[in-house]
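By written order: A, B, C and D. Residues from 1 in each chain.
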């Protein structure tokens, strides 16, 4: 499941909902991305996105993860709008019988989301606003997934 | 921080406590291990451990993770005693500025914990009780960490 | 067709969305960018470093050599920085 | 020294902990296992597959060739299965 929303989310509630009434899951991995203040350089952040394409792209990435690993459940929640340092940005949850699949799928989801989901961060700091530049290592991290997992 | 306890834990509360008042963290990875019923083969489980050594071994594994990756915080909580299918067994949380360190450290902690922390699972099913056998792949997974991370 | 602009492409172009009908000679995303650049200094500035601009046709990432025929919605934006 | 047994080693040996003083000729973990096996059928059974038994001296994993001199607490158990 994927969700794009302005409101905050609650990692405990999301994991509880995903687990509820199930006893076939053995491993749940979560990734939580939060706003860093970068030693005071960031007072606030605005996350712009492309409504419609964002949901389509996240759904494609999630479908790809489910095709590659035996997941029992998965969730991607990404916020947009105004955020402050410490605020939650993104949550990825993967559930599987065994830990390797859950770990790998969660990392895959984050790697792909970082390079494909149409979000743009604008940081507002003491010296004005600036659009965050994409990092070359985010593209490079995709090479990890060039070969299908064992 | 490490904790060995009979009581359940709350992943949301643990993550909230670790984040509280901090805005320097960018990435938090959690691993939650839960009891699988294995298609009805497991009605209950008892986790025996070696008090004293368990804490010492978990602390050594956590210290090793902190030496290998730039972690801002880490937590390992492991339960012992009687558990039912669906119950929480273990929680690992790692926090770092960037996601690669958090993902790798969490997986390292689980890999080492699985082969070093003195816990033993006894499954109680319709056909009696049996001690779970260690899996060769858990030993094999340690080879992932033979070389220090880039 | 509908054109959308995001992040600093939007700020530089001074517009978020518009409906346009480029000449029939404009066949690819790259040609559309060239045509947009000729519309005025804001667009020339927004697309000055055309090689860093990403494009999507109907919600799917495409390369600059993609053909635009039949597209309902084309979006231009910088490399993404979510997550 | 104090000996501890866990999981199926404990169940087979029929004891969880004891204080013993092995003869001075018993120098290593492997020799201690051999000596324990000679104490009776329960111990012979518990340590029958000695190669799968893990040992710890004073809360630290050790190999069977580790020397036991100075040990306060030695534990025997199957491969661990936590997590």
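Structure notes:
Quick note on the criterion: a residue touches a chain if its C-beta (ideal position, glycine included) is under 8 Å from a C-beta of that chain, and two chains touch if they have at least 3 such contacts.
Source: prediction; values computed, not measured.
In whole angstrom, the spacing between the mean C-alpha positions of subunit A and subunit B is 22. As a whole-number value, the distance joining the C-alpha centres of subunit A and subunit D reads 48 Å.
Per-chain CA centroids place subunit C at a distance of 72 Å from subunit D.
The set of subunit C residues that touch two or more partner chains comprises 83.
For subunit A, the set of residues touching two or more other chains reads 33, 99, 110. Taken as a graph of touching chains, this assembly is arranged as a line, each chain contacting the next along an open chain of partners.
Pairwise, the chains that make contact are A-B, A-C, B-D.
Subunit C meets subunit A in the complex at residues 4, 6-8, 56, 59-61, 75, 77-83.
On subunit B, the positions that touch subunit A within their shared complex are 10-13, 15-16, 19, 22-37, 39, 84-86, 97, 99-100, 102-103, 106-107, 110, 141. Interface of subunit B with subunit D (complex): residues 33, 47-50, 52-53, 56-57, 78, 89-90, 110, 113-122, 131-134.
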